Amino acid sequence: MLQITDHGAVRELRMDRPPVNAFNPALVRALTAAVEQAGEECQALVLTGRPGMFSAGLDVPELLTLDRADMTQFWKAFFGLLATLAKCPVPVAAAITGHSPAGGAVVSLFCDYRVMSRGDFVLGLNETRVGLVVPAIIKDALVRLTGPHRAERLIVGGELLPPAVALEAGMVDALADDPEAAVAAALAWCEQINALPRRAMLGNRAMMRAAMCAQFDALVASDVEQFVRGWFEDSTQRVLHELVATLKARA
Amino acid sequence: MLQITDHGAVRELRMDRPPVNAFNPALVRALTAAVEQAGEECQALVLTGRPGMFSAGLDVPELLTLDRADMTQFWKAFFGLLATLAKCPVPVAAAITGHSPAGGAVVSLFCDYRVMSRGDFVLGLNETRVGLVVPAIIKDALVRLTGPHRAERLIVGGELLPPAVALEAGMVDALADDPEAAVAAALAWCEQINALPRRAMLGNRAMMRAAMCAQFDALVASDVEQFVRGWFEDSTQRVLHELVATLKARA
Amino acid sequence: MLQITDHGAVRELRMDRPPVNAFNPALVRALTAAVEQAGEECQALVLTGRPGMFSAGLDVPELLTLDRADMTQFWKAFFGLLATLAKCPVPVAAAITGHSPAGGAVVSLFCDYRVMSRGDFVLGLNETRVGLVVPAIIKDALVRLTGPHRAERLIVGGELLPPAVALEAGMVDALADDPEAAVAAALAWCEQINALPRRAMLGNRAMMRAAMCAQFDALVASDVEQFVRGWFEDSTQRVLHELVATLKARA
C-alpha cells in the first residue's frame, strides 16, 4: 500500500494502492503511521502517488458500506492524517504525480510544498460535484494558498484544474514535466531546505504553520459529526451512489 | 426604478433610475425588497445596471438635503442592502454594465461573482476623493477580493480602475466585450452554478461566506454613527458640495 | 548618520551610516527620533538609503558585543522603530536604493509604499540563513503583502529576491530604473497622496493600518525575550560569528 525509499536523509513515501490510491481506513491508517515515523527518522519527506494518479480521494465504494459509527471513526482518522501532515516535525513536499481530485488534493494542502506533473491531469476540491460540503479546516487550508475569494469560487464550483491553472491559482507551487520529474523536483526541494541552518529553518517553519496546526487542536466532535451527518443525508447518498454506478460502468 | 426579467430560474434585476442609478432612499428600499424576493422566488440572481452605468453610487445631491436623523436612517438602510446581498440564499452575479464608482462598486463587492463590461468605464472605491472614510465592513469585503495591501493602496488613493486593471486587482472576476455581453456572461455563470448538486453547492457557498455575513450581525449603532458623523463634518460637506456643483455645471 | 532634505511638504530621510547602513543602537535611536519628528513637521516621508545599499540589516558585529541586558534594550528599540513607522501619522514611502536583506527589508515592510531600484540588488527576509527566527509581528507584516503561503516559503527558505521577483511577490509596489529614480518615484508618490482630500485620506489610511498598529500595542516582554533567547542560543551564535568572519575576510 506504501512504498518507502530513503534518499539520504529524505524519505520518499509513495502511495501505491491500486488502482487509484483511494483513501480507505487501511490506507489512512498506514499513511498516518508512516508520516509519523518519517517525522522521527528522517530530515524531510516526499509524499507521492502512482504515475498518473496521486490519489482519487476517498474510497467512496468502500466507505458507502460503513455504518454511522464506522464512518465517524474513519472521518476522525482522516482528520488525524491531515493533522499529522500539518504538524510533521520535518518539511513535507507533495509530488503530485497525476490526478488529484477531492481527498487527493486535500492531503496535498497540508504539505509544505506542492509540485505537480504537467500532463492531462486535474486537481481540485470538487466536493460540490459529489454532493459533499468541505469541512472548514480544509477550506481554511485552501484559503491559505489561494486567498478567500478564489477559494470561494473553486470550492463552490467544485472546480478541477489542469496543472497550469492550479499553479496560477496557487494550489501548487511548481510544475514538473512528468510524474517522475515531479518526484525529483520534490526531492530536490527537500535537499535545498535541509541545507539551511536547521534550528532557524524549523523555528521559522513552526511559526508560519502555527495557526494551521492550532486549528486541529480546536477541532471538536461536532466538526466530525457535521461531515458525517452530511454524508448520510439522502441527497448526498444519492449523488455518491450515482458516482459509484458510473465508476462501475467505466470499469 | 427596477426592471425585473426572469430567464428560467435566474432572475435579472436591472437598476434603472436615470440618469446614473444613484442610490437614494427609494432605490435602496426597492432594491433591498427585490433582492429579498428573488432569494425566495428564484434559483439565482443577476444584478445589473444601465448600459454604460452600473451605478454612480450614493445620490449625493439628494442625500445632502437629509438631516442627521434621516441620514442615519438612510445609512442603516444601505448597510441593510449590503447585508441582504451578502446573505442572499441564492447566488448573486453582478453584471457591471459600465461605470461603477464608490457605492456602485460597494454593492458589487457583496455579490458572489462580478463580470464587468470592457470599454471606457471605471470602477473603484474612490471615497477618499469625495471626502469620505470607507466603513470597515466594506473595506473587509474588498480585502477579501484583493488582499490587504492592495486594498490599502486602492482605498487610501481612492483609485478608479479601468476594466483590465479591475480584473488584475481581483475586484472583478471576468470581463465581457460590452454591457449586454456582461449580462449574458452573468446569466451563463448562474446557470452553470445552478447545474451543480444544489445542497452541496449551497452548503459550500454558505461556509465560504459565513465570515462576511457574520460581520453584518456584529454591526452596531456606533458603526452607523461613525459614518454619519464623518458625513456631516465640515471638510466632508465642503468636498461633497463641490462635487454637486461640478455635477450641476456638467449637466 | 541621517541626511534630511525637505522637498516642500515631503521630507526625505536618507540613512547614511557607512558602509552598509547597518542598524546599531545609535542608528535605531536616531532614525526613530527622526521619523517621529517628521510625523509632526511634514505631510509625508520618504525613507531611503545609500545608492546600492538601502540597509544591510542589523549590525551583527556590533550587536555581538552586547550582553543580554543591552541586547534586550536594543531589540525593544528596534521594535519601537518599527512601531513608529507603522503608526507614523503621515504616509511613508520607502525608496529601496539597493540591497535590503533581513532588517533592511523588515523596516520597509512597515512603510505605506515601497519602490525598489532595478539593478543587481536583493531584498528579503533571509533570517533563516543567518540562524534567526523572524518575530511574529514581522512575519505578519510580510503576510499582509504576499499572502500567508508565499510568506511561508520566503521566510522558511530565507530567500533574497532580485527586484523583479520582489515586485511579483508583492514585497515591493513598484520598480525604478536606478537608486535616484527610486527616490524620485517615492517623492512623486507622496505628492500624489498629499493632493487628496486630507481628512478622508488619513482616515482611510488609519483604518487600513489599524490591525497592524494594534499588534504593536499587544507586544509583550515575552516577545522581546523570545528573540533575545534565540540570539544567544549556541547554534545562532555560531552562525552569526561565522557570518562576521566572512564579512571580515571580504573586507
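Per-chain numbering from 1; labels A, B and C assigned in written order.
Operating definition for what follows: a contact is a pair of C-beta atoms (placed from the backbone, for glycine too) under 8 Å apart; a residue touches a chain by one contact, two chains touch by 3 or more.
These numbers come from a predicted model, not from an experiment.
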Chain hops separating chain C from chain A, counting only touching neighbours: 1
Same or different contact residues where chain C meets its copy chain B, judged by the half mark: different
Between chain B and chain C, centroid-to-centroid distance (C-alpha), Å: 37
Residue numbers of chain B (touch at least two other chains): 147
Footprint of chain C on chain A - complex, ascending: 91, 112-113, 144-145, 147, 170, 173, 192-193, 196-201, 203-205, 207-209
Residues on chain A engaged by chain B in the complex (per definition of touch): 127-134, 136, 139, 147-149, 151-153, 155-158, 230, 233, 235-236, 239
